[in-house]
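Presented below is the structure to which this report refers.
Should a chain be cited, it is by its letter among A, B, C and D, assigned in written order, with residues numbered from 1 in that chain.
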Amino acid sequence: MIITLKKDTPKNEVERIIKSYEDRGFQVNNSQGSNYHILGLIGDTTSLDEKIIKANPWIEDVTRIAAPYKKANRLFHPEDTIVEAAGIKIGGNEKIVIIGGPCSVEGEDQICRIAQEVKDAGGTMLRGGAYKPRTSPYAFQGLESEGIRAMAEARKRTGLPIVSELMDAEHIDEFVENVDIIQIGARNMQNFSLLKAVGKTKKPILLKRGLANTIEEWIMSAEYIMAGGNENVILCERGIRTFEKYTRNTLDLSVVPIIKEKTHLPIIIDPSHATGNWKLIESMSLAAIAAGADGLIIEVHDNPECAWSDGAQSLKPEKFANVIKKGRAIAQVIGRDL
Amino acid sequence: MIITLKKDTPKNEVERIIKSYEDRGFQVNNSQGSNYHILGLIGDTTSLDEKIIKANPWIEDVTRIAAPYKKANRLFHPEDTIVEAAGIKIGGNEKIVIIGGPCSVEGEDQICRIAQEVKDAGGTMLRGGAYKPRTSPYAFQGLESEGIRAMAEARKRTGLPIVSELMDAEHIDEFVENVDIIQIGARNMQNFSLLKAVGKTKKPILLKRGLANTIEEWIMSAEYIMAGGNENVILCERGIRTFEKYTRNTLDLSVVPIIKEKTHLPIIIDPSHATGNWKLIESMSLAAIAAGADGLIIEVHDNPECAWSDGAQSLKPEKFANVIKKGRAIAQVIGRDL
Amino acid sequence: MIITLKKDTPKNEVERIIKSYEDRGFQVNNSQGSNYHILGLIGDTTSLDEKIIKANPWIEDVTRIAAPYKKANRLFHPEDTIVEAAGIKIGGNEKIVIIGGPCSVEGEDQICRIAQEVKDAGGTMLRGGAYKPRTSPYAFQGLESEGIRAMAEARKRTGLPIVSELMDAEHIDEFVENVDIIQIGARNMQNFSLLKAVGKTKKPILLKRGLANTIEEWIMSAEYIMAGGNENVILCERGIRTFEKYTRNTLDLSVVPIIKEKTHLPIIIDPSHATGNWKLIESMSLAAIAAGADGLIIEVHDNPECAWSDGAQSLKPEKFANVIKKGRAIAQVIGRDL
Amino acid sequence: MIITLKKDTPKNEVERIIKSYEDRGFQVNNSQGSNYHILGLIGDTTSLDEKIIKANPWIEDVTRIAAPYKKANRLFHPEDTIVEAAGIKIGGNEKIVIIGGPCSVEGEDQICRIAQEVKDAGGTMLRGGAYKPRTSPYAFQGLESEGIRAMAEARKRTGLPIVSELMDAEHIDEFVENVDIIQIGARNMQNFSLLKAVGKTKKPILLKRGLANTIEEWIMSAEYIMAGGNENVILCERGIRTFEKYTRNTLDLSVVPIIKEKTHLPIIIDPSHATGNWKLIESMSLAAIAAGADGLIIEVHDNPECAWSDGAQSLKPEKFANVIKKGRAIAQVIGRDL
């Protein structure tokens, strides 16, 4: 960590600052420029907080050199983590996973019918929302426990493992018991109470990136889960908020190589929420695979127009099958399978 | 609500769509342009979901005319709401409230000492974090219940009502019992489970705007609390995330007149989190008062350099007193008191 | 265009507004909701300005239904435009073009040597900056005319057509005479004087998207050039500015299918400026091809560390060849050639 | 400047890098951490380019400590610069200037009439657009030379100095001769050819911040003008582009104290373009004065509904007079006059 002091910082203040860090076990490298005075701290800085250091009015700026995360850091864990969910392996050089299903579970018939179509198209897992985070209190809030039960039935019939979003710690036992991957939604990426709660389980966690969270903050949220004892974290990019209004969000595919460089965790892409528009899903799915993603999570509905939520971003099963077919050919070009 | 159909939409499809809305009680106004076909829906559209309507491939676009919120809407509730917390009135043409205190409660001595300084400087309420949302799992997470207890002691000694952040529904009874205003933090603005939980209480709620949430989403989160039965909502702007790197966030003061136009709720400003830099707090506080804000929430610490969190954005008590003094003079120019 | 009036707008004001648009040749559809009064204008609204209409205090909002562009609009020009530059066709289902070369021309030897490497690797055109837009007045500003001359020499030796950025109208004759595609840089996307100037030529124009410009504004800048008489416009996405700090910009690949839906113009991708980091270029290039882009423009330098500008985002020739090889295989999956 | 090397960088590579900077006159401080190797460069780094340094694959990151600007830097020029335009002083502790006038000059009668109203209301300068940057090629592009002539006539009649936007270097002589302050618009903030051109004059330049430009880039554009020999630069904030859709842009008032800390130049605020909405102008104007701005530039039109551009963001003269009256009282609170 680099601390930049104002050039007229009094000598005894400089000495006091240096001593305070030496007392905490850091080696301090002291270098005097023409306009600034610079201190370099050598040691484990993950627990230092830039915002506290900057409160000293003699300190002009603080720059972190080492990343603030440890368990997620590729530097200390060079091999890829492969997360296993109900027998399906995600990450490393494993097969690319394709998770399909409706935004909301609307009933047992609907989810079982769509599950079969996802399976027939070549999908490997089933997604479905039982507890729904909705912007409006007047919108459909999900079938809740009844939805989880219906998904479990769909798994029984098709064999597809299931992914669903957990919105609060109160329902964690229900999810641990019934769901194969627990999703933490974008709006809860920094709901630290919830992160701590899932960190105490051993379930695979699909951690979506927040609408306006940096890659570093996202990795720090993974670190929360891992620091709690659960290293089965899968990261999921679902678009970030920008000034552009044509798409609901802006899909940031550059995170694929970045996450693979900075961490050892699997990364999958959600083109449905990223674009909000079914017409863009095929091209963004193929692009994600070409970029090296470990999987896709795509909304599939057999009658999007009558879906109870987010129909505009759902693919019909035949279009979903088409994405898988072309995606497989692209995967092979880059040495992966699907 | 305006639905734009593609111009080559088949006649029977247009009729089918019109009938589907008429069946749900809407009056449908049908108008044919040269390149588009437009339907205007007249009726209460708050429960319609644009994302579902757009799933129809003949539909080019959907535009909402009426706001999606009702209880928070100035249109249906023209008089200002005045929220009362422990005898202090917030909103309307009441005195501007000044809430001061440390980012984190660090112990009974610290919070009682700072509470006295906030009071002496002319502050009207005390803030302090007991449960802390921290980006890093390795950072100080707050004194928790011990912090709430220490704040209650500070209230007893100084008479200042207290404001603190609730991070999960599990602690709601502790907050209802001990705290005068419950704060919902920016990262939890769309934690809908938590919004529903506080909507069931009668406590005043300070609802911070999310880092990347639009004004409409923010009002919709207030609507969640109000729809649950608790109309004591105070909105708080604390800066939004933009491309600019010099400040931690960008303070959006235009929300002050906008919130007053669109809603009847009080709006206060948090210049500490908005800027992340104590040097900018005085000017942004005065600007907020000039813009018409109903209050300020400012971090105050008697030794920012040794604060356990966010020292860089804390004012020393004498600077805080200075903000209040100048702020009072500005308030008078615009016909308010402080 | 939809005009929303406040519900208490006086009857004679409504009539006055309606008449003012009827007098200008629009058909006006008048519909009264419970809380708003809505007017629909039918006719050619491209020359209407929402910002002027909104000045009427009785008008709550104005919503454009038809796009504000005509010549670039796919609606009025369904077939793909294929731009031809020195015999190379760009757009439609033509071969994907690969433009490679250094950020800055550093001398005749350098540009001729790199041109040969671009050609050997399978590149189809040569890029190089002679006039350089640099953030700092103290940075290298380009070899100017000497750079254009060196590029012309590289074309003579290799046969590769050349692309270079024009920064002001003063040099337009030099560019028309010596360059095959004139690039308008991101920072000049709304330099309307420059757009008008190149609109008077017949040269192919590579129009980069501005750092913070919406897709609609970008198409409107293409419309400027086309309205001036030059329909040879190629759009180029090079990343947009967001809150994320790890990459220089955020590459928005969703523009590929959007531009193809909204316009008939070719669209190419610049992964070098979009990411600012050579380690991300291969994956983003392959993703762009999978998404359906008509071409790539990539910085190539045989000694990036000694480049006079932007070395961090330049590929070495062997890595560039590798991108082309894999890109060709991906192009074939989606039915294109490269 | 701090250069972070990967920890396994070969010793001879480290030595080679150190030597290359020592050869260029820098003192290099070499420090070895557990996971990184850090070099600190001491000397004048304004001409170093981070993007070139980063091209070395052993280099992990580069951090600039000293600001990249010199002439605009408060560090080397501690006293406030006061820019003088036709006898009016801007900056330092001088009177706050109020510049009013229409978006577009529409004719001699209109501009002379509005000029008189600006003067009567207490305004100190007249603004008006003769050459207009418009998003659409089909929108009114300004009266051009005829507009400049009409403004000169308004100055003759009222004595108010005039401000107008220069869009290309071609018209620079006309502006130097006829205009008191030359405005560089937001869209041209990084039109470096234009910055160099006005840097060769001695006219005061009003440099608007670009829609998505950082404070540092904005100061660098001022540096371009100053490096060319013209130190009469006034900075003008006019809102930045964010995800929020309710306002046209987001006004960033924190730039006022930041510009005063980092530079010695005057800073004024344009609430009209920042908000795009006349209803927000009064509160944002008063906030700007409370924040310490050296002036305001406000659109004023006596018939906004019939304005030829941007009527929605124009104040009527009586509202403009009201802003000045309240603004004066606020100015006095913070020790300024208006």
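Following the convention adopted for this analysis, contacts are C-beta pairs under 8 Å (C-beta built on N, C-alpha and C of every residue); 3 or more make two chains touch, one makes a residue touch a chain.
Quick caveat: nothing in here was measured; it's all calculated off a predicted structure.
Common neighbours of chain A and chain C, listed by label, are B, D.
Averaging C-alpha coordinates per chain and comparing to chain A, the farthest chain turns out to be D. C-beta contact counts were set side by side for C-D and A-D; C-D has more. The mean-CA centres of chain C and chain D are about 26 angstrom from one another, to the nearest whole unit. The centroid of the Cα atoms in chain A and the matching centroid in chain D are 39 Å apart. Residues of chain A in contact with two or more other chains: 212, 241-243, 245. Those residues of chain A lying in contact with chain B across their complex are 46-47, 49-56, 68, 133-139, 167-170, 187-188, 190-194, 196, 210-212, 217, 220, 223-224, 227-228, 241, 276, 278, 304-305, 307-314. The touching residues of chain C, counted against chain B in their complex, run 2, 4, 29, 31-36, 38, 40, 42-44, 61, 63, 65-66, 75, 212, 241-243, 245. Residue ranges on chain B touching chain D, taken from their complex, read 212, 214-216, 240, 242-247, 250-254, 256-258, 261, 274-275, 279-280, 283-284, 286-292, 326, 329-330, 333-334.
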